[in-house]
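What follows is a group of structures, each given as structure tokens.
In the two complexes that follow, subunit A is the common piece, with subunit B as its partner first and subunit C second.
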Partner chain A sequence: MDEEYDAVVLGTGLKECILSGMLSVSGKKVLHVDRNKYYGGESASITPLEDLFSKFKAPPPDENYGRGRDWNVDLIPKFLMANGLLVKLLIHTGVTRYLEFKSVEGSYVYKSGKISKVPIDQHEALSSDLMGLFEKRRFRNFLVWVQNMQEDDPKTWDGFDPYNNNMSALYNKFSLDKNTQDFTGHALALYRDDEYIGQSAINTIRRIKLYSDSLARYGKSPYLYPMYGLGELPQGFARLSAIYGGTYMLDKRIDEIVMKDGKVVGVRSGEEVAACKQVFCDPTYVPDKVKKVGQVIRCICLLDHPIPGTGDALSTQIIIPQKQVNRNSDIYVSLVSHTHQVAAKGWFIAMVSTTVETGNPETEIKPGLDLLGPIRQKFVSVSDYLEPTDDGLNSQVFISTSYDATTHFETTCLDVLDIFKRATGEEFDFKKVKHELGDEDQ
Partner chain B sequence: MRNIRRPIRFRTKDNMANRGTAQRPNGQTQGKICQFKLVLLGESAVGKSSLVLRFVKGQFHEYQESTIGAAFLTQTVCLDDTTVKFEIWDTAGQERYHSLAPMYYRGAQAAIVVYDITNQDTFVRATTWVKELQRQASPNIVIALAGNKADLANKRVVECDEAQAYADENGLLFMETSAKTAMNVNDIFLAIAKKLPKNEQAGNGGSSGQGRRLAEAEGQKATAGNCCK
Partner chain C sequence: MATVKVTEQKVILCGEYGVGKTSIFRRFANNTFISSNDRKSTLGLDNIDKEYLVDDKKIRLQLWDTGGMERVASVTSSYYKFAEAAILVFALDNATSFHLLSQHLLDIVTYAENAKIFLCGNKNDFESTALQVTDAEMEQFCEQCHNLISATYKTSCKTGQGINEMFEEIAHYLVETNRSRIGLHEMDQERFKISYVDESGDPSCVC
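This part shows the complex of A and B:
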């Protein structure tokens, strides 16, 4: 460890592993350390099942749960948007070669006490009970407009300036009712609350385009999920970093981030010091440089059946828009299962999560839990959502934010790209990596 | 933008990796193609990367950089009616501080555990890698033990009989090899190829045969189905 590095990365969560990979690829000498003896930090998938039970201080699982090793249980539930930033990163860095994915089978939205499938084509849209007949026609016109509009070509805007008008104005243009707005903003644009309605329409349009472009890639839903769980993602990026010369040390205690004149100069573990010019880390490594801005509740539920009313789907997502249950932020339910090699045969893992709004978070997720049918085992965690108080520009310590309650990785990637830009002064050039990877002569 | 510190990387495309050596060792035959994931394990500096470099490219470098990075290399071995294509994973140095990720073993159908015949510690370490494989990897994995640097027989400390006995007890293939002289290098891969099951489910290149890999070409629609079908 007593060496000189360009960068020391602390924690092997997904964000830190992507950063480590990006830095190594750009020629930096990287040391990547984790205090745990496993990869993934907060974004690990826990295996075997016994470790999950002991992590939550529950008595060991009985034999009904099958082989403990067949389980890989995510601590944070998320899916990948098939046309989203993380998929772009995976493809451009070649990390996709280490991974296999499955499409999530269906996406559902909660309306008036029951769930309905989010339609994925004309046929499903026509038979959907989400909207009345006339509303369906108006919604279709809206979608056609979104698909056809080009950001840089005002001729395609049909008289509506998406930059200088808010989303409320766009909804009015197509006379969409409150229920359709709810469905559009939360199940398609994937907003967690209703703030977007007052903001420039272009952001929502981009999100709806991302949704439909993602849907177009694989058909069943816009979401992908990796075989063996989300914990494979940080491992894949860590391997990328290692291939480009990054050094890995797990199970290594970090005692001090050594500063000199307000700037980082190294990282100390016991008597050893790794000298470095920059440090990248998750918020848990720098408690004095982060502030708590909220909390996220996540409840892992082990089921021996699919979620009722989803056509026995082996994977699914259900969005409960905030207004449907008188909240300010949506509740998310995700389901994965033995088909993804994350549970023993016949088993399902559901996760209910949301941003905490009250002093009693467990009651907040009840509408989600009620959708699941009988739950065999439940593990609840409430985590602080931490944000850095230091942008790193002077200290050269770059801190990621905690993982938020969103159901996909878009905000995760934006944080990573932002940190990369702050640290290197340049945007991460996706094309450059691709070029370098294609150039593998000695 | 070349950086001297950047490790050497191989071409990973099959046609590139096979350039000039595609016919080895038995010549091309018609028939089915099976693809297998093979992982290398062993202490640093025992010659894991050199063995692969010899097998895939027919090369040897006396002062090989400590970490040869490659996503994975591919090389084919031709048996009577079957072409066995190995997808060979190197540790990328992640074994050095015991930081190999579980992903590395995932779906591996074959492993070569390498030690250095001039270094007793590397043999002891090899036995712990074998235990690790028995614990972590798929139960049907074919494991070969390679006593490398056989060209340095005058400095030998690990006896061939001792290693053979250990291999027999644990059901491992065993050969002493030399990446430098090429002794037994093709042979050990060939022996593994022979021992691997060649039925439909088996030869799917380290994939679980159930998920899909994402399309590499951006802007194109991804093709559904398995990567190797």
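This part shows the complex of A and C:
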């Protein structure tokens, strides 16, 4: 450890691993350390099942749960958008070679106590039970307009300037009612609250296009999920970093981030000091440099059956828009199962999560839990959502934010790309990796 | 697609740091040997493909190296995933590297349940007096492992002795196992790798 590095990365969560990989690929000498014995930090998938039970201080699982090591249980539920940023990062860095995926089978939205399939194309819109007959036509026209409009070609805008009008104006143009606005904004554009309605329409249009482009990739839903769980993602990027010369140390205590004149000069563990010019870390490594801006509740539920009303889907997502349950932020339900090698045969893992709004978060997620049918085992965690207090430009200590309640990795990747840009002064050059990996394929 | 794709068989190298895994990787890749541990030469190299012909049947071995992750940390569990074969490497002149094999074996059976396992004593180029591990000890190890080890080899990356033979035999073993496992892969066709290159406007397509 007593060496000199360009960068020391603390924590092996997904964000830190992507950064470590990007830095190594860019030719930086990287030391990557974790205080835990395992890779992934908060983005690890816990295995075997016994470890999950003991983590939540529950008595060990009985034999009904099958073999413990057939389980890989995520602590943070998320899916990949098939056409999203993480998939782009995976492809351009070549990390995709370490992973196999399955399409998530269905995407549902909650309305008046029951769930309906999210309609995305014109056919589904017309057969959906979410809207009345006339509303269906209006929604269909809206979808056609979104699909046909090109950002750089005003001729395709049909008289509606998406940059200088807000989303409310676009909803009015198509006379969409509140219900339709609700699932459009929350189940298609994947907003967590209603602030977007007053903002420029182009942002929402881009999000709906991301949804439908993602859907077009593999069919059933816009979401992908990796075999063996999300914990495979940080590991893949860690390998990328190692392949490009990054050094890894697990189970290493971090005692101090050594500063000199307000700038980082090293990281100390016991008597050893790794000298460095920059430090990248998750918020748990620097409690004095972050502030709590909220909380997220996540409830892991082990089921021995699929979710009722989803056509026995082996994987699915359900979004409960805030207004449906008188809240300010949506509740998310995700389901994966034995088909992804994350649970023993016949078992399902559902996760209900949301941004905490009251002093009693467990009651907040009840509408989500009620959809699941009998729950065999439940593990609840409430975690702080932490943000760095500064941008790191002076200290050269770059801190990621905690994982938010969104159901996908778009915000995760935006944070990573932003940190990379702040630290290096340039955008990540995707071409750099692509070329070298291309040589090797020969 | 018109061409018949030869499916790749992932083969991983396991064992202590410094036993010669990267040297085996390099011999497999381009039949060279670099005595000092010059890691730069494999920087950015992830895995190497090589095609073998076994009784008119083509098979592609895809060899993976650890990237040095075992040095101070542990190898990620995802390194083992999807492996069809694992080569347990130790150095014949280093008894400790041999005694620590059981931990690596445990990782293989935990994370790569279906992989065929091979034992490889490397650095078979020392005077016999310098060798610290005997054939009898290797045999004993295999017996203790309840026949988990499919075959054992002795190699020297310095001279190249035994390397090709080992991979040819591993190719043979995998063809045999695949024969008896035909259909297994078709059971789960829903899973896929994402490999497409993005939109035509993407600058990365220029090369």
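Criterion: the second predicted complex is superposed on the first by the 433 of 442 C-alpha atoms of A that agree within 3 Å, B and C clash if a C-alpha of one lies under 4 Å from a C-alpha of the other, contacts with A are read in each partner's own complex, and residues count from 1 in each chain.
Quick note on the criterion: a residue touches a chain if its C-beta (ideal position, glycine included) is under 8 Å from a C-beta of that chain, and two chains touch if they have at least 3 such contacts.
Everything quoted here is computed from the prediction, not taken from an experiment.
K.L.:
Does the subunit A-based superposition show subunit B and subunit C clashing or fitting?
P.N.:
Once subunit A is superposed (C-alpha atoms), there is a clash between subunit B and subunit C.
K.L.:
With both complexes superposed on chain A, which partner does A:29 reach: first (subunit B), second (subunit C), both or neither?
P.N.:
So A:29 only meets subunit B here.
K.L.:
Give one of first, second, both or neither to describe whether A:366 is in contact with subunit B, with subunit C, with both, or with none.
P.N.:
After superposing on A, A:366 lies clear of both subunit B and subunit C.
K.L.:
For A:67, using the defined touch cut-off, is the partner it touches subunit B, subunit C, both, or neither? Pick first, second, both or neither.
P.N.:
neither
K.L.:
After lining up the shared chain so the two structures overlap, which partner does A:101 touch, if you call subunit B first and subunit C second: first, second, both or neither?
P.N.:
Both partners, subunit B and subunit C.
K.L.:
I'd like to know which partner A:39 touches here: subunit B for first, subunit C for second, both or neither.
P.N.:
Both partners, subunit B and subunit C.
K.L.:
One more residue to check, A:250. First (subunit B), second (subunit C), both or neither?
P.N.:
both
K.L.:
Which partner does A:421 contact after superposing on A: first (subunit B), second (subunit C), both, neither?
P.N.:
Neither: A:421 stays clear of subunit B and subunit C.
K.L.:
So, does A:137 touch the first partner subunit B, the second partner subunit C, both, or neither?
P.N.:
It touches nothing on subunit B or subunit C.
K.L.:
Can you pull the subunit A residues that subunit B and subunit C both touch?
P.N.:
Touching subunit B in the first complex and subunit C in the second, residues 39, 47, 82, 87-88, 90-92, 94, 96-102, 218, 224, 227-228, 232, 235-236, 238-239, 242-245, 247-251, 339, 440 of subunit A appear in both lists.
K.L.:
Provide the residue numbers of subunit C that touch subunit A in the complex, in ascending order.
P.N.:
39-40, 43-48, 66-69, 71-74, 76-79, 81-82, 110, 190-198, 203-204, 207
K.L.:
Using the touch rule from the top, collect the residues of subunit A that touch subunit B in their complex.
P.N.:
27, 29, 39, 47, 82, 87-88, 90-92, 94, 96-102, 216-218, 224, 226-228, 232, 235-236, 238-239, 242-245, 247-252, 339-341, 440-442
K.L.:
Quick check on the complex: what are the subunit A residues that touch subunit C?
P.N.:
For subunit A paired with subunit C, touching residues are 25, 34, 37, 39, 47, 69, 82, 87-88, 90-92, 94, 96-103, 218, 224, 227-228, 232, 235-236, 238-239, 242-245, 247-251, 339, 430-431, 434-438, 440.
K.L.:
Looking at the complex, which residues from subunit B come into contact with subunit A?
P.N.:
On the subunit B side, the touching residues are 1, 3, 5-12, 16, 67, 69-72, 92-94, 96-99, 101-104, 106, 207-208, 210-216, 218, 221-222, 224, 227.
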